[in-house]
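In the two complexes that follow, subunit A is the common piece, with subunit B as its partner first and subunit C second.
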Partner chain A sequence: MDEKNSLPEPSIFERMRNRLTPEGIPSDDRGRMRMVMDSLILHIHPAKVEVSSMKWTYTWGLGGLAALLMIILGLTGIVLLNNYTPAVPQAYLDILEINSNVWFGELIRNLHHWSANLLIVVSVLHLIRVFVTGAYRPPRELNWLIGVAMLLLVLGANFTGYLLPWDQLAYWAITVGTSILSYVPLIGQWLTRLVLGGPEVGANTLLNFYSMHISFIPLIIFGLMSYHFWRVRKDGGLTVPKSSKQTEDPKPERVTTIPHLVHREFIFALAWTAALLTFAMLVPAPLEGIANPAMSPNPAKAPWYFMGLQELLLHFHPLVGAIVIPSLVIIGIFTLPFFDLNPKSVGVYFRSRRGRSLTLLAVGIALIATPSWVLLDEYVLNWTLWLPTWNTLFSNGLIPLAVILLPLLLLDSWIQNSFKADTEERVLFIASFLFTAFIILTVIGIFFRGPGMSLYFPWNMPIVTH
Partner chain B sequence: MKPKSYLIESLIGLGALLVVVSALGYYILNEPARILNAQRDVIAAQLDDAMTLYAENCSVCHGLNGEGIGATPPLDSAVLRTMPYDEIYKTISRGRYQTAMPAWAIEDGGPLSDYQINELVTLILYGDWTETGNRTINLGFAPLIPFTTEPDPVLLAEIANLPDGSTLQTAVQLFAAHCVACHGADGLGTAIAPALNDPAVRQKTAEDISRIITYGNTGTLMAGWNNVLATDEINALTSLIERWDEIPLGTIPAPNVPIPVTEESLALGGQLFAANCARCHGPEGQGTPRAPSLNVKSFLTQTSDQAIQQIITLGVPGTAMPSWGDRMSDAEIQAIVGFIRQWEPTAPEVAVLTRPGGGGPPWLRNDTTNVNPLPSTNRPVQPTEQITSLLDWRILILIGAVLSLAFALIAAGTFSLR
Partner chain C sequence: MTDTPASTPLSRRDFLKAAWMFLGGIAALETAGIFIAYLQPRLAEGEFGSVIVPGKVDDFPPNSVTHIPNGRFYIVRTGDGGFLAVYHRCTHLGCTVPWDQTAQKFICPCHNSQFDRQGVVENSPAPRPLDLFALTIEDGELKVDTGTIIQRQTFETAQVVYP
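Here is the complex of A and B:
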């Protein structure tokens, strides 16, 4: 009898394991390390990372948090899908059902809702972090473009998701939000009909938004996100933080990604999951009465992240407020890395000490200038009355635009003359100014606009009932 | 190189894990209770909507508190609460043949969506009818409550002198009991039903009129009355409609039905009175040189709620009393009427003096009289709390915080740039 044949047959489990790890699980650290290197984690991260780029106060973990939120949104979204019908009025009844008759239904909906809102905040903060540390400079321009595109898609995902509960809040926020589309020159009407699937927000809109929300937008975001991660590695990993005086370290200290980086990432994700979970348990996502096209709330407001835009619309001709200014801003954000080329200050917050001072200056000026301008335009300036014969596109659009651009140009030449600001400092100054102004407009739109979109103090807001 | 210690990170991770586990554990234990509460909230929200729907659509026939009026059945019955859900739903959405109940669903030509009908079924099954009645009052749908009235005895006696007078007398009494509800005093019509005391109606044949009374008028609120009225009664009503021009006006008067009030409507009425009426009628309704006293027995006992409502709505031509009908809703005017009416028990028999009497020389007076100051605030119709002074502490804090932050940033920036 052959001795080999007397060996017992390997069990099916052993065969499976042998197939998966042909050489067996190594016993030493180095061997295990190498094995895991082939696995998913090291497809994302390099084997070693610079210790300094792991500094919390440099990245604040914003990109990772955005990715975590995407995962939470994907998982909770899939669960919600099973309980939802994109039809009128079934959609609203399904939300009631999720809240009142599905185990963990409300928790999952709250998680989805709050994660989605947090994602917008985190994405914007991530963009600011990359901007103020100059991390978008060559060779990372392409990744900046992808990132900005993803931010727009995240806004789109949130906006399309906003309609799905089909309550009053959703219906009117989307009605207000999509009304901006009709101001697109030439194709506005056509575009509105395409997006809404009809003349107004209705059952077809719900279906359109639903399909966008669950298939098209997530698919593109998933593709871009994968590319974004890959691009980070391809472009040489994260930028390395430097203080403004420090020069390039010739021999940076490196540690292995596993466990040093992965360990921190998991703890970070766990802590945020715990925080989100607790928040979602305590604070329910808003839900108003069923959508009623015959009864518009006063004021009818867009989703909160578009309130800056809606505030602009109160001050400008729609073509300028809703199309020209936002397009210029988006083009500006996309092309930022092509203005701002100095590679020396990459990794330094605000470029330099001077840059930081200029940023403080810009934020301070914007804090005073923006509310003053809003009050002035609300109560004093009345271009259409002063220029009655002019086309409102000029009297209420281009002239006010010129009037606010002029002080901006003056500020720009002031910092050039008085502080000898160079190009990168000017870009920083103007971007900080505009960004602060936009935040203030958003805050005014959310908290200070009451019935009839008039200005009120938040603690004195009249409530209009029907 | 010394291996890095991850003690703090590990502790954070452990803490987070504990939070996740304990929070989820608590949530699971609490979930059945949460679901029950959520269902209660859904019902409460639906009832809230449904009460408004009821006030707007149903109170006309089913009454202020769902008590039913005339031939319209009550809804506040325990029996109805045992009725199958689908049966109630079907009745509301598709209507009931040969009754006044029309179809309310949009697909049957009605105004209500499935969801709204669903809410009304919830109201019938779980609702609180007293609260529903209050909602109806607060929304100003109370006057549509049908009523019956007593014919004027003197004029009724006169009718006997007309040819076939006894038939007309019967008809007038029937009309006052059954029809005045919708077709109004003297058959002049209301918001929900057309005038019958009308030459155009008199053009119709007796056959048409009696058919409509007998079988109802499909597509309107007109019920078929053959279950309630005998054939000769229907014939009497038909002849009344045909010969109404012979009946003197005032035979079937509007009743003196007090307008119902709630705490909210009284509060609203007081607010509106202070904002709009007090300027001329005085803050206590005691009157001013500009307008007469309202807070006086003679006015309040002799003027019905309907009359006060009409005065406010239409104004008094030739006096300073403007018409408020286009500035206020019915609910608001009724709230004011309710507010004025509550003075009646304490109203003085002689109106309070509003200016020195007689205009004679001051030395003629043997006392000193406090003259009521005439308030001259010019407030808007709907009083809203408005901050007129920027000295409110919250505004000062807001402006102070923004300005000091801004100047601190500017100072810090400029200082380090120098």
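Here is the complex of A and C:
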């Protein structure tokens, strides 16, 4: 390689290689760094990174893992296209075929399925990491907004993908999920018909979802993802981790991206790919019988990531449970960076020592309060019975909502008075409380709801046979 | 559009700019309209959505509930001989509601909404009674128009059709 000039006639491969790296690979750090200035890696990363930002326990590699999953989803998705027809009943037959008659078909499908589900978990954990380290404050608020948009699109991709196998699971989860739309005031019915392409989930729905799943949604996600990466650079790299005792920003100490960061990323991606492959080999993606519009299974559950929402629906009038509360939550998440501004605690996990205690407190209270409220509402409270002449929107919606919000306001003023919590700690407290409550609702929905949506212990769950 | 160049403060340049913006706005609206119209549901002929004949009056004894799967509805015959065509889709979140013969009510498997034989909510979370389809009786034959879904807030005797 070093004597490339002494060769009179370089082969075509050598010439190609020389075009790509005319100088060969230099042996010193500096030379390496210069060489890759215009390479692909440095389109994504800066040439140098902060040592402390690379600390494994700061980001947990979550953003990188999300990116890896996106790539796996893109690749497996594209090859699945070769064996899949979005028609009724061919879609279901194709999945059976993929599972039994296509080389590595089941592996590819499992990989797509599990990566998609893991992506939701990872995106949410990444969001939490960014939130608890205050990494969304100016100048990074735009990247937070893009992140939230990507999270919503990831949910959209999962939801549209869910219908594609056209089994009972898919059919009823999508029926229940899309019916939520019909509660949007004024345009709800029209909107649902538009999305479904008819009065109920059918062949047109499958085609609509398929086209969204393989074109619009991935295109927009991949576009936003590129922008997300570019913004990380543009905003001066990652936030720098600090401990709560540090008042000054730590002294910058930087190393070259290549090899220090890239090596780690490579090993990380390799290990996760191996883990995913193993998992996909061992655990098959669920598939039930072919969709049967005349028979709803008991219980009919939404996809697991919407079980928290479905649990809310059991307790509130749908307009409140499916539209009002989720809209408030999404607006709240979008606007977080605009009222939590203190730049001092950026990079400190949980803001401060007091912040850490308050978070623990919030999680603890939510752990007790949420199941209690679910049990109470299930067995004791009966708003529609107590207020029989009221419109159910009030009796079963706005009034219970107010009854729940009141203690939250009291808690907030309590931590302000007794703990002297400032704005950033209050935001942390309330967000931790609500988030924990939502996780618990999701867990209850997934594991504790049985036939007729009654509460059971998971180890006592009756099995319904039809 | 009267031509009054002296009194208008609008220069020729500004006018053209505004005109272009206006045209651009119209074009954008038209495009959006085309897309929305294009995406409107394509109605399937026959089957669900058209007029369905579930049978003759005498096929349904008084006090009976009969499922007509391809029409997505139940024919409910009341004690005094009247008819209702009740859409089998739960008004909560769209599950198909089976008729429970022993309990004598509609019980939704999804979130346990319950409806009496007229389709009126006995147990939430369903927010309103089961929807109806328009039902007519011609020459002793029932005809149900599944193209129009009738939403209602309560049960009224006017909803019942008598032969």
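Quick notes on this structure:
The criterion applied here is as follows: the second predicted complex is superposed on the first by the 429 of 466 C-alpha atoms of A that agree within 3 Å, B and C clash if a C-alpha of one lies under 4 Å from a C-alpha of the other, contacts with A are read in each partner's own complex, and residues count from 1 in each chain.
What we mean here is this: contacts are C-beta pairs under 8 Å (C-beta built on N, C-alpha and C of every residue); 3 or more make two chains touch, one makes a residue touch a chain.
All figures in this text were calculated on a predicted structure; none of them were measured in a lab.
When both complexes are overlaid on chain A, the residue A:I290 reaches subunit B alone and has no touch with subunit C.
When subunit B and subunit C are set side by side, the one touching more residues of subunit A is B. Applying the stated contact rule after C-alpha superposition, one finds that A:L125 touches neither subunit B nor subunit C. Look at A:V262: by the touch rule set out above, it reaches neither subunit B nor subunit C. Looking at the shared chain after the overlay, A:L107 reaches subunit B, while subunit C stays out of its contact range. In the superposition on chain A, contact of A:L42 is made with neither subunit B nor subunit C. Subunit B contributes residues 4, 6, 9-10, 12-13, 15-17, 19-20, 23-24, 27, 31, 34-35, 38-39, 41-42, 45, 49, 113-115, 384-387, 392, 394-395, 398, 402-403, 405-417 to its touches with subunit A in the complex.
Those residues of subunit A whose C-beta lies close enough to touch subunit B in the complex are 89, 92-93, 96, 99-101, 103-104, 106-107, 255, 260, 263-264, 266-267, 270-271, 273-275, 277-278, 281, 289-290, 353-354, 356-365, 367-368, 371, 419, 457, 459-460, 462. On the side of subunit A, the complex with subunit C involves touching residues 172, 175-176, 178-180, 193-194, 196-200, 204, 293-300, 313-314, 317-318, 384, 392, 396, 451-454.
Residues 36, 39-44, 48-49, 69, 72, 89, 92-98, 107-112, 124-125, 127, 149 of subunit C are the ones that touch subunit A when the two sit in their complex.
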